[in-house]
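Below are structures written as structure tokens.
One chain, chain A, appears in both complexes that follow, with chain B as partner in the first and chain C in the second.
Let's turn to the complex of A and B:
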């Protein structure tokens, strides 16, 4: 029994690392420009499909499609910022809330139209099989994807702290008008953070495609979960999102284990409601 | 609120007469069905507008109220033989109470926070109904067939009575919205929307007025839910509790013009025929196309024309003078 629990705990940790990477991009965009990108998880879906088609059509392993996904989503994020999001930044509140919602619906249904709502899978990725630690089994693609996610999160963290551009992003996050006075091009920082946030979720998509089902509506659940993570960690806090992602992964799997698997997402959503009620600034906000 | 001009009075009177004679003149069930869907979503758009347009609570969870209305009256009818009209009121009251229960913890949330909270709430309701044996879980419920008549809220030989009932519901919602917007509550809500802090400083209890707004909006949306279940005679979580319905409600209000009384009606009159007709034309082949159009409309309206069709018309009107 306790071995089963241990296995569940491992699973929760692994999916939690993926959640963290997805949520970090989202929280960064929120922190810099007070915009929730509702299409964030649909970018994840695009990353997954890119990796799937590269594998199916050209035999490229998901491991090698990571840079392709990163660049593709970077460009897409930049374009969406430039032509849609930047237009609503000074507009009415409703427009700011719903603009990316429209993007989300459009992308998800364009994928249904182009590729049908079927579930797909990458049958035999380069990394395959399981590692056995005594009685606990660990799926290799899952473990690699999660380790990779942590590595990318750390890389982003270093980028923000050590480089000039990264510091400019953090400065805008702290105080937009002061940053503007210091000569930082805030418009460029906005576009850059939107693009980087999208690029991160594209990378997460490539990782996730190694073992997860790929279908147009995959963004739905991941999207809602990542909003909950961002809220729990504190809107805009990157460290917060990282820890909250792992926490939510563990809570979700343990909740499914102890109660009813059908309710595992309901538990996460209830956690969001309780968080914004009791501690609206989140854990690290 | 200005007094309506003579031209406006005549225009609305002619429109009302045209709507009243529509089922008598136009034969065939499809046009009547499209009009019923227009009224249904116009009604829910008006109800959303009380929340989103006036009080700036951008709810993406209206479908929870819709589903609660549909399920309450249906369960009452099936298990306890309660008349659907009583079920309609019961569903409305239950939805208003749920609205209050969710509204109290969320009343301080703004913008995105509220939007996400409303989705989380609606998703919890959907997941629960999908697994709840008492309401037949994912299987759904088929309503028992009663003899037709207004008393039973059920008609089999013609869609026209449904048409008139939902038209009355819509007019009622518009009247309530008009009443709110011209009275104290409307001014308070708009003051809160402009600035939380200022409104608070003026002594407006924003928790209370936002709560009223949620409860009224939930009641009206639940009425629409009961109407839907009596009209379609079958409900399941996938038809009355899914996110796309909430999205369509928001879109109807936005397209027409959020924060205006007639905006949602215009939005529904444009959008619903579009979606019903694409569905009939394209059928299964067009899976996703109607939603793609919705998505594109939402992106473009919010980025380039956030004031909506009605806002656009009134600006042009003002410029003309």
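Let's turn to the complex of A and C:
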């Protein structure tokens, strides 16, 4: 019983770290630009497929695809911001919602067209198998992916606090007009945030591809949960998203274990609703 | 006389010409449109496409000339009683959502003017789509959804060819009984695990209801959401319950996720008995050898060809067209167009009431189907095919082989399920 509890807790933490990394990119884009990127889950899918194809066609292990995914999604994010999102930034709010929604539908359908709706898996990544701690078993790729997620989140945190560019991003997040008056190129900061946010979810995709199946609609549930995390953690708060991600992972796993798995997402969403009710700005907003 | 003839001749010629044109019109232009609703995008798009391929091949066979195939209307081109009219599938995407199933079925009937409907695969979607066709008075022949409730609604226009989950659940439990007798093993407890929509919860209900009748004790009853991102809590509960046998009703994404998690967490029942997800064509390519030794319910297996040469011939055609072997899904969906074509041909019209009457009189013999059945005949009340039955296949060396009923098995069943640690 207590072994199972420990195993559940560990698994909750692992999936939670993954959720955090996926949600951080989303919350960053929201914080800086006040727009929700509905294509976020599709960027995750592109990251996963990039890693899959590098592995299948060139034998590159997903561990080494991480930088490729990071750069590729950075560029993609930059381009989508520059040629689509920036055009509607001054337009009505609805246009901003619709533009990323359109990108999402386009990417998902293009993926079905290009790669078929089939399920793929990276069979034998370098990191493979399970670690046994007594009776508790932990999947190695899952554990490494989660540690990697934490590392990337910390790196982002340091980048924002310690570098000049990072500080500029935070300044825009706090107050766009003041930042503009201080001589910060807000347009560039927007593009950079969108690109970094996309890049982070690309990295998450590469990590996830080490142990999760890959298909064009894989982002669906991850996307929904990351919206929930962003709201729970406080819109735009990176630390908030990090904590909320882990919290949701643990609650989901333990809730499913102790109550009923059929309601594990209901518990997660109920927690979100209660938070929004008591503390509308989220945990750290 | 001459003058008379010269006056009649143009009329006669015109009459002759228009008659021949008219009959040519019936033969060449008359197309019988059948609506096909399947999930072609969304989480189970690969399954939907596979089903559609089965139905498309059936339509090809009906429309073309295949003298060496003993299938209804294969030897003739089109429907002979309707001047060789051809069948045409009008395809619509449900995205796997019940509301789309209903909307698309309505659109196909009212705008595309289809005269019949097939498909949906997911029981929850078939349910809403067939409610739409019932209201619009259009016959629906389903050969790929297995929820028992579909044929318990007393619908007038809905027919089902394939077995439903009450039949399958009984098969699985009967298999366990037969196994106890044949191998001297003792099976006491079972756990039931099922996704929580129409399909899964009905399987769960059936197994829970029937298990005591067969003398098994249910030690866990777990439902879950099929689009879960992580199932460690579900598997944790299974480990806690420690059943002899697990019965699992799933779609494909959850089947893949559970297989990985069973292995990771070392969940080792003596038998893994499953429904649906584990036999979808995307499953084995995704999990490879981890799928070995799992038992799945089926209506079709390629090794049936040993006793039914028709299976090999149909599979050859399928492979030629799509490049892969015919899966169970494709094989199930393959039935509906034949049933429709046969009924419309006998009714000699596409008028709904006459087609329903003809469907009720359907009697396709067992040697004209690719399944191990005595044929296709509908129960006059429920409209369920009374001959539909299931087989059990086991994944051995990454192939689906028939293991039950024992008298038609192609291989011996591997039992108990080898421990994950001892597998590579």
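We adopt the following convention: the second predicted complex is superposed on the first by the 284 of 285 C-alpha atoms of A that agree within 3 Å, B and C clash if a C-alpha of one lies under 4 Å from a C-alpha of the other, contacts with A are read in each partner's own complex, and residues count from 1 in each chain.
The criterion applied here is as follows: a residue touches a chain if its C-beta (ideal position, glycine included) is under 8 Å from a C-beta of that chain, and two chains touch if they have at least 3 such contacts.
Everything numeric here is computed off the predicted structure, so don't read it as measured data.
A.B. asks: After the overlay on chain A, what do you see for chain B versus chain C, clash or fit?
C.D. replies: clash
A.B. asks: Quick one: classify A:265 as touching chain B (first), chain C (second), both or neither.
C.D. replies: both
A.B. asks: Looking at A:60, would you say it contacts chain B, chain C, both, or neither? Reply first, second, both or neither.
C.D. replies: The answer is neither, since A:60 touches no partner chain.
A.B. asks: Looking at A:102, would you say it contacts chain B, chain C, both, or neither? Reply first, second, both or neither.
C.D. replies: The answer is first: A:102 touches chain B but not chain C.
A.B. asks: Considering only the touch criterion stated at the top, classify A:137 as touching first (chain B), second (chain C), both, or neither.
C.D. replies: Second partner only.
A.B. asks: Counting only touches as set out at the top, which of chain B and chain C does A:253 meet: first, second, both, neither?
C.D. replies: second
A.B. asks: Based on the superposed arrangement, let me know which partner A:231 touches: chain B (first), chain C (second), both, or neither?
C.D. replies: In the superposed model, A:231 contacts chain B only, not chain C.
A.B. asks: Is A:11 touching anything from chain B or chain C once the two structures are fitted on A? First, second, both or neither.
C.D. replies: second
A.B. asks: Look at A:170 in the shared chain and tell me whether it touches chain B only, chain C only, both, or neither; answer first, second, both or neither.
C.D. replies: Touch partners of A:170: none, neither chain B nor chain C.
A.B. asks: Looking at the overlay, does A:113 come into contact with chain B only (first), chain C only (second), both, or neither?
C.D. replies: The first partner, chain B, only.
A.B. asks: Which of these chain B stretches, 7-15, 61-69, 133-141 or 205-213, gets into chain C when the structures are overlaid?
C.D. replies: None of the options clash except 133-141.
A.B. asks: Where on chain A do the contacts from chain B and from chain C line up?
C.D. replies: Residues 108-109, 112, 116-117, 216, 220, 260, 262, 265, which sit in both footprints.
A.B. asks: Looking at the complex, which residues from chain A come into contact with chain C?
C.D. replies: For this pair, the touching residues of chain A are 1, 4, 7-8, 11-12, 15, 108-109, 112, 116-121, 123, 130, 137, 139, 142, 211, 213, 215-217, 220-222, 225, 249, 252-257, 260-262, 264-265.
A.B. asks: For a test of understanding, state which residues of chain B touch chain A in their complex under the given definition.
C.D. replies: Residues of chain B touching chain A: 52, 56, 58, 60, 102, 105-106, 108-109, 111-113, 115-117, 119-121, 123-124, 127-128, 130-131, 243-244, 247, 250, 254, 258, 286-289, 291-292, 294-304, 306.
A.B. asks: Which of the residues in chain C end up touching chain A in this complex?
C.D. replies: 40-43, 45-46, 49, 196, 222-225, 227-234, 236-237, 239-240, 252-253, 256-257, 260, 264-266, 282-283, 285-288
A.B. asks: Mind pulling up the chain A residues that touch chain B in the complex?
C.D. replies: Going through chain A, the ones touching chain B are 30, 36, 83-85, 87-88, 91-99, 101-113, 116-117, 216, 220, 224, 227-228, 231, 260, 262-263, 265-266, 269-270, 272-273, 276-277, 280.
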